[in-house]
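Look at the two complexes coming up: subunit A is in both, with subunit B in one and subunit C in the other.
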Partner chain A sequence: MFNVPAPDAFAVFGVSRTLDLDEQELEMHYLKLSRECHPDHNRAQTTDDCAAVLQRSAEINDAWNILRDPWRRARALLEAESAGVLERNKKLDPMFLMAALELAEEVAFAESDRQAALTDKLQAAIDSDFTALQKDVNNGDFDAAAKRVHQSHYHLKALHDLEAKS
Partner chain B sequence: MSDASASSTETTRIVIGIDLGTTNSLAAVRAGKTPRVLRDLDADPLTPSMVCLHPDGRTLVGAEAKALRLEHPERTVFSVKRLIGRSASECHSDVVNLPYQVIAGERDLPRIKIGDLELSPEAISAMVLKHIKATAELALGHSVREVVVTVPAWFDDAQRQATKDAAALAGLECLRILNEPTAAALAYGLDGNNDGTVLVYDLGGGTFDVSILRIKDGIFRVLATKGDTHLGGDDFDQLLAQRILNLLPSKKGSEDPYVLQAVLSAAEGLKMRLSEHDEATLELDLGDHGEVQLTVTRAEFEAAIAPLVQRTLDCVKSAARDAGLELSQIDDIVLVGGSTRVPLVRNRLEALTGKPPHTEIDPDQAVALGAAIQADILAGNDKSLLLLDVIPLSLGIETLGGTVQKLILRNSTIPTSVSEEFSTGVDDQTTVELAIYQGERELSKDCRLLGEFKLRGIPPLPAGLPRVLVTFLVDADGVLRVTAREQRTGIEASIQIVPTFGLTRDEVRRMMIESIEHAQDDYIAREEIEARAKAEAMVRGTKKALQIAELPPDQTFAVHKAVKALQKLLDADAEPNALKSASDDLTKVTTTIADDVISAAVTKALKEEQQQ
Partner chain C sequence: MAYSDKVLDHYQNPRNVGSLDKDADNVGTGVVGAPECGDVMKLQIKVSDEGQIIDAKFKTYGCGSAIASSSLATEWLKGTSIDAAAEIKNTQIVKELSLPPVKIHCSVLAEDAIKAAINDWRRKNGKLAKEEANS
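Take a look at the complex of A and B:
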């Protein structure tokens, strides 16, 4: 089984391919597109048309799910700019992996009084990952950006695990 | 779409909304802005979701069936919503305390056994839907074909499909399967002043749902939903019923369907009184099985149901988490379902959320009213409103080692789709099988197998060469559709679906044909029974009247003659038309008689007869 890439979310929404999307504007745009394309407002007569309306509506919903999440948005952007870039840059720096491992242990054994401080630390790491990612994208260095996306995954997962503990 | 449908010459399309509940069902329609409930004259708008297959061959639905549940407990079916779209083994815990018999049929599907008849839950639901359809048609004055039917948000694919099948069996075209809490939010948020984040808490007879929605400019977007299809007011009744059964002198009582039904009814009454009073007393005479006298305080009742209420609150918290919200960010709480009348439910929910819940809309009617609004939207009469709902449970396929790879995550807005490519493992392989699961767990054994999809017609090629693109699309009903195409040849692979639960497509088709054939038989049978019952009543009534009224001999003779003629036909089991015409003759004789003396007496006697 192979994952088939979803259609380019930026193209589906008709917005420019950038990381800096205004989230409120994006939501307004999503609601507008939904009004125009949702099957409830577009009752098709034939089975073929029906399938097309459904497919279009599904594409809009799926694109919205990608674009509203900064990290999924970044993945979609990189894949659209340079197909296969995420797959090519999976190998991460051993130093980073060591640090990530230590972080995971810190989370696993964190006492409840340490959790708030650790959450702040992780959130700061994620924010700085994203800032660096934006810089790489703006410089057109998609390979570096892809590495940032993979690195951020460790921080996001650590944060998720920490939240699950409380 | 062109504007032709909006032309003024065309009559407005009417689609009605139906709340097909575990305990009660009702229909509503929206013509104009405000939806209204469709009821049978002054009758209670709630139709009990009950069907009685009377020993005399009649099928009674709704209030008529409910009235017979104590007399014919083993032939009066209710709460089938707990069985629909599930396997008999899954239903096991739900059927132990039912007065009617549920057996495991083919493919371990639950079948309701009444005498020699074995009925699917879909068939019973179809009877309820037919009854609701007839009531709605009477109230509207025209026929109804297109409907929106509501289901608990937590219903999975199989339960949704089964509900659609029930509508088809009832001769209805189901334009949409709508989630109940979403429908309620629609009814609640209609006046346009309720933009914000709303939590709908829906505790019905048999199911619990919680949904969190964001309402903005006429768009109702579900952010997250959570629930339990086996938690509701019926469970409160069961706790009280168990207490009553424990007081019975003999344990045999709980095996007797008559006793069981009487106890369940008494428990329901007790629960309702405990919502109003601090204490309620029950005196139940069960004949041979003894008498029960019981006083329950509200505190005792609340202690008993507290764990169940806590389960609903855990769902509320989990839904908020899924929506990425703190409970304090929720603007309004809306209550739906009859069981939200229980004070403990309201108090605990208010304590948790810190907000008094809204109770402006009748909790029994909100879902049907909301369904009517969605029906109106689908009819194309209102473009200002739009619902964006989600899929409640993740969908995935089984991969090597019995794990489930998620394809579509829970709380994804629907419609949604995902495509995957599959290939073959051996040379010249022409079919690929996929097992589809629904649920959140990692292993397939912990999720529900919805069905097996067999892709056929793959061109015979060396292993690994065919590239079959399979698209999984969840439509706006929350029902999965699968299409497949071989990429190299462009051949559309055909898909054979074997559902694990519910009816196969062939079974639905066959039942629909049978129901059309039976409709004629049912009609004739009913006509026969009615003509006979009417003739018998007339004979008895007239004989009584003759004793009361003092008539001249010639008139007495004429009446006697007509009565005798009718009696003769009855004794000979005459066909309904003959009975009808003889009954009409008798009516003529009695009504033309002097000063309507006898006619008045007949009417009076008939009335007495009916009241008995």
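Take a look at the complex of A and C:
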């Protein structure tokens, strides 16, 4: 198996490396790039050309799936800015982890009448994670940003678990 | 992926689930997480004046292997000495539970939790070496 590092999603799309991408513009851009690679619009002359177009097409699809999701976009941005930054910042504050454990318990034992309020609470936590993440990225503090991404994973997972209950 | 019978047993009948008073001087608490999977593990020990672990409790939010690893850890911790507890290695947990390679990080988490709990108890009781105090 070849261990080729995944190409930088921002570079594949040719957009600037920022968290604040306009999602509508991004989708238009995706459609345009896809069209360019479509076999109907792109008569490859040789087998080599054909393989290259296919490769490009796969890269565009992968990049699209990363960029359209704010959290995956954040991971890609951090790795592109500072390789290994997510791995280096996996140790989270015990106080945060304790709160995450309590949150997970709250979700596990939530009665149905409590689910709407809890969903709002988790969504608010995720939104505030993202705001804090944007601030860290804008300040160029990628270590702090990586910790935010890890923390948000606990909130996203709790929300996912809550949704799976109903 | 098939879990071993021992993992299933601990998962279905976890030992020593619960909490000890984290503010008590004779209790050490360790909370560790694996952010990639969103797992979190809390492990607590209660230590006698003689340095024996007289009780151990855990709470784990995570996969079956993480739950089994921490459940097994509390079984091993109860009745052992602090010094012996500090020697517990994740590889022993892997062997006992027959964890597959993709689940080894769960046993690492359990070892980290044991060490964090011991350090917390040592910190409270002034038994921590200086270089460890900052970690």
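Criterion: the second predicted complex is superposed on the first by the 157 of 166 C-alpha atoms of A that agree within 3 Å, B and C clash if a C-alpha of one lies under 4 Å from a C-alpha of the other, contacts with A are read in each partner's own complex, and residues count from 1 in each chain.
FYI, contacts are C-beta pairs under 8 Å (C-beta built on N, C-alpha and C of every residue); 3 or more make two chains touch, one makes a residue touch a chain.
Not measured: the values here are computed from a predicted model.
Residue contacts after overlaying the shared chain place A:Pro39 against subunit B, while subunit C stays out of touching range. In the superposition on chain A, contact of A:Arg17 is made with neither subunit B nor subunit C. Between subunit B and subunit C, the partner in contact with more residues of subunit A is B. When the two structures are aligned on the shared chain, A:Lys121 is found in touch with neither subunit B nor subunit C.
After overlaying the two complexes on the shared chain, residue contacts for A:Leu31 are found with subunit B alone; subunit C is out of touch. Legend: residue contacts after superposition of the two complexes on their common chain; A:Asn65 is shown touching subunit B, with no touch to subunit C.
Applying the stated contact rule after C-alpha superposition, one finds that A:Ser57 touches subunit B and leaves subunit C untouched. Annotation: subunit A has no residue touching subunit B in one complex and subunit C in the other. Only residues 1, 176, 216-217, 219, 221, 374, 377-378, 380, 383, 386-388, 397, 399, 405, 412-422, 469, 473-476 of subunit B touch subunit A when the two sit together in their complex.
By the touch criterion stated above, subunit A contacts subunit C in their complex at residues 90, 92, 94, 97-98, 100-101, 104-105, 150-151, 153-154, 156-157. Of all residues in subunit A, those touching subunit B in their complex are 1-4, 6, 31, 34-35, 38-44, 54-55, 57-59, 61-62, 64-65.
Residues of subunit C touching subunit A in their complex: 30-36, 38, 40, 42, 59, 61, 116.
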